[in-house]
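Per-chain residue numbering starts at 1, and chain names A, B, C and D are given in the order in which the chains are listed.
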Amino acid sequence: MEGPTTLNYRKNSSKGNGVKPVESEVPGKLETPPPKFVKTSNLEFNVLASEKLPNFETLDLFHRAVYPFMFLAQCFAVMPLLGIRASYPRKVRFAYKSLPIIVTLIFMSATCIIFLGMLTHLLQIGISAKNFVGLVFFGCVLTAYVIFIRLARRWPHLIRYWTKTEMVFTRPPYEIPKRNLARRVQLAALAIIGLSLGEHALYQVSAILTYKRRIQICKNITAEPTFDDYIQRNYDYVFQLLPYSPVVAAFILLINGACTFVWNYMDLFIMMISKGLSYRFEQITARIRKLEHEEVAESTFIQIREHYVKMCELLEFVDSAMSSLILLSCVNNLYFVCYQLLNVFNKLRWPINYIYFWYSLLYLIGRTAFVFLTAADINEESKRGLGVLRRVSSRSWCVEVERLIFQMTTQTVALSGKKFYFLTRRLLFGMAGTIVTYELVLLQFDEPNRRKGLQPLCA
Amino acid sequence: MEGPTTLNYRKNSSKGNGVKPVESEVPGKLETPPPKFVKTSNLEFNVLASEKLPNFETLDLFHRAVYPFMFLAQCFAVMPLLGIRASYPRKVRFAYKSLPIIVTLIFMSATCIIFLGMLTHLLQIGISAKNFVGLVFFGCVLTAYVIFIRLARRWPHLIRYWTKTEMVFTRPPYEIPKRNLARRVQLAALAIIGLSLGEHALYQVSAILTYKRRIQICKNITAEPTFDDYIQRNYDYVFQLLPYSPVVAAFILLINGACTFVWNYMDLFIMMISKGLSYRFEQITARIRKLEHEEVAESTFIQIREHYVKMCELLEFVDSAMSSLILLSCVNNLYFVCYQLLNVFNKLRWPINYIYFWYSLLYLIGRTAFVFLTAADINEESKRGLGVLRRVSSRSWCVEVERLIFQMTTQTVALSGKKFYFLTRRLLFGMAGTIVTYELVLLQFDEPNRRKGLQPLCA
Amino acid sequence: MEGPTTLNYRKNSSKGNGVKPVESEVPGKLETPPPKFVKTSNLEFNVLASEKLPNFETLDLFHRAVYPFMFLAQCFAVMPLLGIRASYPRKVRFAYKSLPIIVTLIFMSATCIIFLGMLTHLLQIGISAKNFVGLVFFGCVLTAYVIFIRLARRWPHLIRYWTKTEMVFTRPPYEIPKRNLARRVQLAALAIIGLSLGEHALYQVSAILTYKRRIQICKNITAEPTFDDYIQRNYDYVFQLLPYSPVVAAFILLINGACTFVWNYMDLFIMMISKGLSYRFEQITARIRKLEHEEVAESTFIQIREHYVKMCELLEFVDSAMSSLILLSCVNNLYFVCYQLLNVFNKLRWPINYIYFWYSLLYLIGRTAFVFLTAADINEESKRGLGVLRRVSSRSWCVEVERLIFQMTTQTVALSGKKFYFLTRRLLFGMAGTIVTYELVLLQFDEPNRRKGLQPLCA
Amino acid sequence: MEGPTTLNYRKNSSKGNGVKPVESEVPGKLETPPPKFVKTSNLEFNVLASEKLPNFETLDLFHRAVYPFMFLAQCFAVMPLLGIRASYPRKVRFAYKSLPIIVTLIFMSATCIIFLGMLTHLLQIGISAKNFVGLVFFGCVLTAYVIFIRLARRWPHLIRYWTKTEMVFTRPPYEIPKRNLARRVQLAALAIIGLSLGEHALYQVSAILTYKRRIQICKNITAEPTFDDYIQRNYDYVFQLLPYSPVVAAFILLINGACTFVWNYMDLFIMMISKGLSYRFEQITARIRKLEHEEVAESTFIQIREHYVKMCELLEFVDSAMSSLILLSCVNNLYFVCYQLLNVFNKLRWPINYIYFWYSLLYLIGRTAFVFLTAADINEESKRGLGVLRRVSSRSWCVEVERLIFQMTTQTVALSGKKFYFLTRRLLFGMAGTIVTYELVLLQFDEPNRRKGLQPLCA
């Protein structure tokens, strides 16, 4: 593509104050032109195949941090990739003719059946704002499956580009923070997974207890509380399309669990990506801070700026791949938060219903806030170096510092929802205000239903 | 106007690294001072008359891309211009005493009659939020006619200025993207036209079937289902002012079709303009990208910046001419989207009504989103070069790059609605939020009407 | 204050390419430090007293443009100043012990009485959203009186500072646009005054006709339609505090007229101020445009920037004096637009009522839009030079151009409402959206009242 | 930390035009790296211990200005610190095992009991939007206690850092404004304390009178109006958990008073902090203004910019410590303003109720506006120097001025609510609009309750 003479900014960085150019093993001609987001796989990741190969397992890389959770997700048919467990990102690949894709398609078909069953059911009994929620849930999950497949196709290229970009941050002068990337991702992921398991379990407990109590109390129901009967009553919408059999029952429970997993995994995935990105910006900030009271050569600033720009490009690339997922996750979260908030003033029959409702509501709000805040951290972190840069003495001042400050000040470094909005802390504030408005109007709208109170138990 | 010595920035661009000044055939003294938007036609477009005349038919020019659709629009009395089919933009002219103007006036008068008929009709039966929609429709179309006439007066000057500005992009170093401008405009236009034809046809089918079924079922209606009767019932408002005759009936159908065309053409026209503008910014971005790993002379950046500034000026000029149309189109789209969304929960009588309603609603939302996104693309595209410019090495760094980055960062390059708002992706997000709020409030407001359900069929 | 050696930026401007420093007759030591907004009157405006005194009557100055309307306003007790008709701004002064102040106090007391009468009346019959409007009207007028008195105190200083700042724009290289300042102000003022007179007249006609028709039709009212009876019925709230007598009746009509004048004058005054400011920015833009294809010396840019900065300072100063009035005017206009829009769907009894209502509504919306747009013009105009400045060739490029572009880009040059918001076109867009939201909610709120329809005429 | 060679920007500042470096007694190596917000107390504040110790009591320092009010707050168990009355900030310290902490814990437990009592009470009678307000009040106070304790832990470090930063502003070339910091803080604090005392007293008077009148009038109540009975009726919710005894009664009154104090002190504290910060920015502005017509050496601008950057860092540090409190205060104020506005149209029984209600409402709105405006002043003040800086002549122009202007223009210097929003004047405008929307929707929602009117007195 370009001869060695054209690599001017690379050579430039090495003519500094003796700082060794940090990426000599990534020759320029392998550089993918990121803005065009080359997707062709002929871009051989041959650096990794060379003899200088670092030991990937010990490096603090994003791929190493997320692969356990991506593998777990594959078990639920999310992001069908091959070689995800390999320590070398270049072994990760996507193939249409592969087991994961088949699993995914099976899960998708099953979800589709449930979705259609629900649609049929609702068209029969009449769609209302209340029962619409089920459609939204399964619709979101289906869309998420599709988005994850599309993401999976881009993932091998993305994770290689990511790894190449972050290679430089695994070596001095960058330091690994007290809590490394893998640890951070783990903490977040385990928290989400744990809490969502709790939510799902509580949902089942609440449903089963409600079912049992109803049969105990109602005299007009003579059926025994059996597993078969429970499934048939609780997932009645599925049996619009399928006949009942214990196998189908088990299958429904499985698919329901998988759907719940996917529904939670969307947010978890965004969170992991966000942590991976903000971690690197944090390292840049840390490096800038260390320079605070020193006399700094321009070459250092050139290097820092170069890394900063590269991270921004990586972010842009990731954003272009993730935007659909972010948009879906935001819409989904906003809808469910609004829906659940609306039910706050509803009367419920049993204490277990209250416990489930409040747990579920708080979990939902917490997860939404968490995913937003984690994503907004990228934006916060990318600007944190400004304070030190503004204190650079007039002696160390140079065009490169000016450019870096200008870029940090004017560029919105953040994940976005298809560029419609950027995930920053200010957005969250604006959204909170909007949700309150919606809620007030909806509460008023829902007033008549709420006044009716509980329906008779045994009708 | 100014002697050759004053053309400093032009000469400047030629003292670069041997890049041939790209616009030698457009002498500086023909340069219209765009900010003043000279409208006088004594600005002879004599370049095109000179012997160096390029073959316009083969060039990738905006005029060549849009003229088929502008000619089609003229058949519906929109934008009365002469010589629109000519390959030379300078043959395009506007004259008050011309056939197109007469056609336009006839169509306008006819639309006016229908509008007044509807107004009379509504004042008789009482204006409500529901039946107000017809007035808005014909009012919008009338306003659009007027705006298009005013635009037509400015068009000859505008298209010449546009052609002169984009001349430079038809030659190296600019390249023609894989899909050229004419093709892009064609695709968008044919899609819109096809879908709107479908919408109009479905409307007629839905109306006719509803009419027939009613006569079949209702015993108190003894009339035979004839064309005359159908027109009289369905367009009853026109016959407030006109007597019925088969000629009038045909005329009504024609005018209704023309109105529907104009109503769709507003959006289509904005879309074509947007594509024409963003296409050039895309070319600039592509050129900047090719420079990525090269050592670039300042003169190249001077030239790029000059072209960028010229495109911004062209945009400003186009915006000043188009703003009224954009404002009208936005208001119109927002009104109809709100109106149709409000009807989502209404009960309809026949399946064909549902089919038409959902097709119409989705088409409307799709068209609105499409026109917004196409317009917002200008804004997105104008900033896309920033990534590469930020990576310019400190060796290639120069004041011109700094100026270009500063301008790209701080200037809002986008079409606007009379400068009240700029058509960017963020605006669309904000508008979506606002529409949801309106919708929630309106739904609540409309609740009593909705609860009444369907009116008796045979009343 | 400072010796000649410190006047560096002034001397600087004269060492340009032979352009004569334009303000030699305004020695630097008279320069008021505008950011501190010195209010002490010991700042003798002695330039004007010197022998070089220009003929103020022929100059295109703001004071000369507005004094007729300010004098007219004084007749209605607004802005009690002495010497307003003088052609020299320095003869304008404010004194507590003066005739205008006394007149103002009389009018204020009278308005106060009416306000209290209305308050008493409303407390008796119960305050509702509907009848609250009278209180708001008189409350606004009273507040306006107070604000205008405070403004009058600052006016002498302000108009001198203004005149000094704009002196430079009355001479070459600045040119007087086709339509000069006085003409522009006149047109705007006469339009507002004419339309508001129409509005007030129509109000009286509507009230009188309604009164007459009611007596004609109602059999239970035996009174003759006399002037006394009309006043007593129509202004019943005043007679809570005052006894009826023909003198009082005439007085009420006078005060009502004065209040209407003040209510309109608020907006007119803001409009005149805005025109005065944007006019100068327009001149700067025009000057910049003339430089377009020329080789420009840095000294010229120094001078232009200096004038630009001075205008910004003048704007800041004017804004600090006017902000309360702008805030009041905005709140007042928003309230009345919302109030009147709410009445759009109300049934009225007589055609004259409809005529008055629609005239009044359209006038109100038009005036509000007009005042906003005129004020927003300052903002638009202040940025219009950017286009040309961005085209400055790299040869003419200098630090001064950079500073000017940076300032134009980043500074919000606009009148503000106490810095809470800036009067820009974008604000108007946002406000329109907010008004629609309010209106939708209020319409719903008002639904029960509206459904009741007209009250019986003769109750 | 760093050797003398690295202190380049410090040395730099002294190589100016003979201006003595202003902070020679604060050696660089004591400089805490503020962005990391070192909390370790091993940062000995040994400057103050040195023999050069200035007389702190006479200095215009923030600590000296606020300590009386912080000491007063300690009497109500807010911010448990030791040595707050000392004139040396370094004597201020926090210890878990100390009397203030114990007092705080006692008060917190007491508040907790009341809160739980109220919760129990409300769960019994059913939570509604109306009676929810009590829970919010005590919940806010409890949260405030916790936040204040966390703040107290950071306070010793913060106040030392603050004092060190502001030391430079107590000496020339900075001047002390006409009204010094202590005076400003005093005025604000005394106003808030006085008005809140009035509010609390009026509340008691209103409650007692209402209680007495009810017993006098109602024949079905035979009880004598005693203190015991009054407490039992008025604070009935407490006696859900506690038995009645005169001691408990006194205790309730005390805790209620303390809660009211804390509720007001939140805002007061933010106000004092804001005044402390904006005061310094005012001094910087004043210094810049004095330079207006002078020829200024670059070293002066270096120094000014350094001080400006330090103030920004102090602000950032304070903001990171205060953000939780600001968020709580905003939410609290918004909730109570909305709640009280909603009651405006409610009928009350006795005149004293009206007096209390309106006093309380106006006080609440006033306090909210006051705290917002005071905080927004930081933002306004930080930008006020821009006007003069923009007028710097091209001769004095240097990179340092450019950097200072760039920073002032692009940085949002303001307190924030956890970075979700910044306390600027524009925010207040946006919030006002939002409150109006909420109010309109809520009023409509509350309509049925309001129509019921007063409940029977003797039920």
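Going forward, a residue touches a chain if its C-beta (ideal position, glycine included) is under 8 Å from a C-beta of that chain, and two chains touch if they have at least 3 such contacts.
What you see is a predicted model, and the numbers here were worked out from it, not measured in a lab.
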Third chains touching both chain D and chain C: none
Copies chain C and chain B - interface residue numbers shared by over half, same or different: different
Inter-chain centre distance, chain A versus chain C - centres from mean C-alpha coordinates, in Å: 53
Between chain D and chain A, distance of the C-alpha-averaged centres to the nearest whole Å: 37
Two or more partner chains touched - positions in chain A: 406, 410, 437, 441, 444
Complex contact set, residues of chain C against chain D: 1-2, 5-9, 12, 28, 31, 33-36, 298, 302, 306, 309, 312-313, 316, 399-400, 403, 406-407, 410-411, 417-421, 434, 437-438, 441-442, 444-445
Chain A residues touching chain D - in the complex, by the definition given at the top: 289, 292-295, 380, 384, 386-388, 390-397, 405-406, 409-410, 425-426, 428-429, 432-433, 436-437, 440-441, 443-444, 447
